[in-house]
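Order of writing sets the labels: A, B and C. Residues in every chain begin at 1.
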Amino acid sequence: MSQKILTLAGIIITASILPVTSAQAAGECATGKTLEEGVLTIATGNPAYFPWVIDNEPAGGKGFEAAVAYAVAAQMGFEAEKVEWTSSSFDQAIQPGQKNFDFNLQQFSITEDREKIVDFSIPYYTSALAVIVRQPTIDAGVQPTLESLKSLTWGADANTTATPVIQELIAPESDPLLYDDTINVIEAMNANQIDATLLDLPVALYQAGAVMNDGVVLGQFAADESTSPDHFGLLMEEGNPIKACVDAALTALIDSGELAQIEAQWLQQATDVPMIR
Amino acid sequence: MSRNTTDKTGIVAAQAALPAKISRTAYNAQKKRRSLMIASASTLTVVALIYVLVPLAPGWERVKNSFFNWEVLVRTFPKLLDAFLIDVMIFAWCAPAIAIWGLVIALCRDARSPALFPLRVFATVYNDVFRGVPVILVIYLIGFGIPGLGLSRTWSNPYIWGSLALILSYSAYVAEVYRAGIESIHESQRSAAKSLGLSHWHTMRHVILPQAIRRVVPANMNNFISLQKDVALVSFIGPVELLRQAGVEKSLLANFTPYVGAAIIFLSVTIPATRFADHLIARQNRERG
Amino acid sequence: MRPQPKIELNDVRKSFGDLEVIKGVNLSVHRGELVCLIGSSGSGKSTLLRCLNLLEPIDEGEILLDGYDISHPMLDPQPIRQRIGLVFQSFNLFPHMNAFENVMLAPRLNKKISRAVLTPKIEALFERFELKDRMTHYPDQLSGGQQQRVAIVRAMAMEPEIMLFDEITSALDPELVSEVLDVVRQLKSEGMTLVLATHEMNFARDAADKVCFLDKGVIVEEGTPDQIFQNPSEPRTRAFLRSVL
């Protein structure tokens, strides 16, 4: 009984914030489509990094992706207590067979090739890609121009779509070096093995500002200017019927402006990062 | 004769049931043919069962699509082959360095003169440390650590430090194999050399080592076969070799088939090498037996 | 007065751990003499030979070569060993080298003589011991008798002043024993000083200048073959000879 009242209260509150959509309808949408009835199981990486998840605790709801996950869940009619978190690596996310999550978010870029194996929601974030270098490289006279970037030695996280962007958009003179994760990329930069890397802008701002001693965000490629814009999607098992509900929820969040609010709250806005020409 | 009449073991009765006389060679040949046929038939049955049953599994289509995707394989294989050249290159300069440095360590461990005691301690500690620490940790430590001290770009090259890490790690294993070889040479060989007035070093160089090294070639082949695979670990600090290239393709295509492609390439080298090592071991056993 | 012995042992003692193997041996061998050491296994014959070659350092006593103490612990044994050849029961040829290389190794390394200068000398040595046709054979291609003869040639190549033989026929098939003993006779006829530890009593009786009977690390009795084999004075010698003859 009390549960129902709570749900009703939730709906009223949500409805009062977002008068456009009906959360009630979305809740019905997911019925019978989740792993566990009445519970939405969401996966993210372990560890999950700032600013996507704060303190590696997605259940805290802090950090951009954690907040998006709870907003989507609420939109679909799941209260915060009805959200179960699980962790998954990239490889676990794409392996064939039963998934242990309803959807998975850890900055998965939507690509045509990946769509053949798994399903993606509509994008919940479109990231600009930013170039990080160290102060000595700036002192050596590098400019935020494609021409200037070509002569640098590049490194990137091998599991990201940064690799093809570096190769196709920048086409550096020497082959890029690739690493297992962003931490190793930054380490290689500190070890003077690479000059520059390409990261999602929010990550770049964080790394340059809080992690590296002498990191500088040299410039950014505008999200929609890049040849392969980095659209993040929620990843689901191929053919998962819940996709329609997730997409509907995201559409509602976009239309209501809530998604933009979440973005403004958790992702640092880079006002002074120059565009790369 | 009378004792046999009881026929406790039933051998008389069994013999009575045998055909009178057959050619032993013909019988043995027939037996050999039969074993060959049984072996072939059972192998074929197992392969056929796998071929028929596995695709019946409900998830087979998905597994096939993710791991054995012909289209993906064709698309990525040339890039994988290209990347494999990096592995070949790293192997090509690491292997001889390991063979030499491993020998130096083995000789240090064998140093008998008291003045060389520090060398012995060094070699012992060296072997304990590098055999006890995972190769990947050594690669990280040396690959990021040493250049991090502030070397120039040329000298912070990950190929140099990654290779050095492999050389340091693998030399410890190879040194142990050499040492086993040196110890396997009978003391009488040392006595003979000594009695001829050869110095310790001459005895080692001309009498012990040539025999010891030859004796451990198969064991060392196995070390180098596993080195061939571990070269891929250098990719952790940047170089885009076969395994890394496969990882990139996997990530971009969300498909594991590139890893299967990488496995095919590795196997095409390791299987012949392993067979060759087995052949060497078998030959050595024949010679000693 | 007799000339100075080629080699002389004075109260030599040797222990392995708590086990005393040589318990005060006195022995002199003169230039050109053939001395046979007889005695049961474990009597200390082999150890004595290894001590003579300085393969084993002695604990007490002294070993004089031409009157000089070669057993002094501060001496480098390596050059002294080059003057004393030792041949082993199990041949101990180097299996990875052919007969010629086995023989050439020590003179080439120790005397630093070039291959070109050494080759004719070593060929002559093979000729002298009738092994010329076996020079390029590897040890495993040779019979036991041939291997042992090559081992003798190898020791001879260092041009030693004394040759020690440690039961050199014990590992051989009976029909191969005589070819090896013939080589020993040949060496004696050429004037080499020889010490043999042996079980070949007939050979000792026929060829030796002096026979020493060892038991439990001491020389119980020594004398000419006639004395030892015909009129042994010690009961232990008599018991040993009864058991082997």
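Odds and ends about this structure:
Everything below uses one rule, namely that a residue touches a chain if its C-beta (ideal position, glycine included) is under 8 Å from a C-beta of that chain, and two chains touch if they have at least 3 such contacts.
Being a predicted model, the structure only gives us computed values, none of them experimental.
Among all pairs of chains, A-B has the largest number of C-beta pairs in contact. A simple rule picks the central chain: find each chain's mean C-alpha point, then take the one closest to the mean of all protein C-alpha atoms, which gives B. Taking each chain's centre as the mean of its C-alpha atoms, subunit A lies 86 Å from subunit C.
Inter-chain centre distance (subunit A to subunit B, centres taken as mean C-alpha positions): 42 Å. Mean C-alpha position of subunit B lies 47 Å from that of subunit C.
Chain contact summary for the complex, subunit C toward subunit B: residues 50, 53, 55, 78-82, 85-86, 88, 90, 92-96, 105-106, 109-110, 154-155, 158.
Considering their complex, residues 90-91, 94-97, 111, 113-114, 116-118, 153, 155, 158-161, 163-164, 175-180, 184, 187-188, 190-194, 238 of subunit A touch subunit B.
The touching residues of subunit B, counted against subunit A in their complex, run 59, 62-63, 65-67, 143-145, 147-148, 150-153, 156-158, 235-240, 244, 247-248, 250-256.
Every residue of subunit B that touches subunit C in the complex is listed here, in rising order: 188-189, 191-199, 202, 206-207, 210-211, 214.
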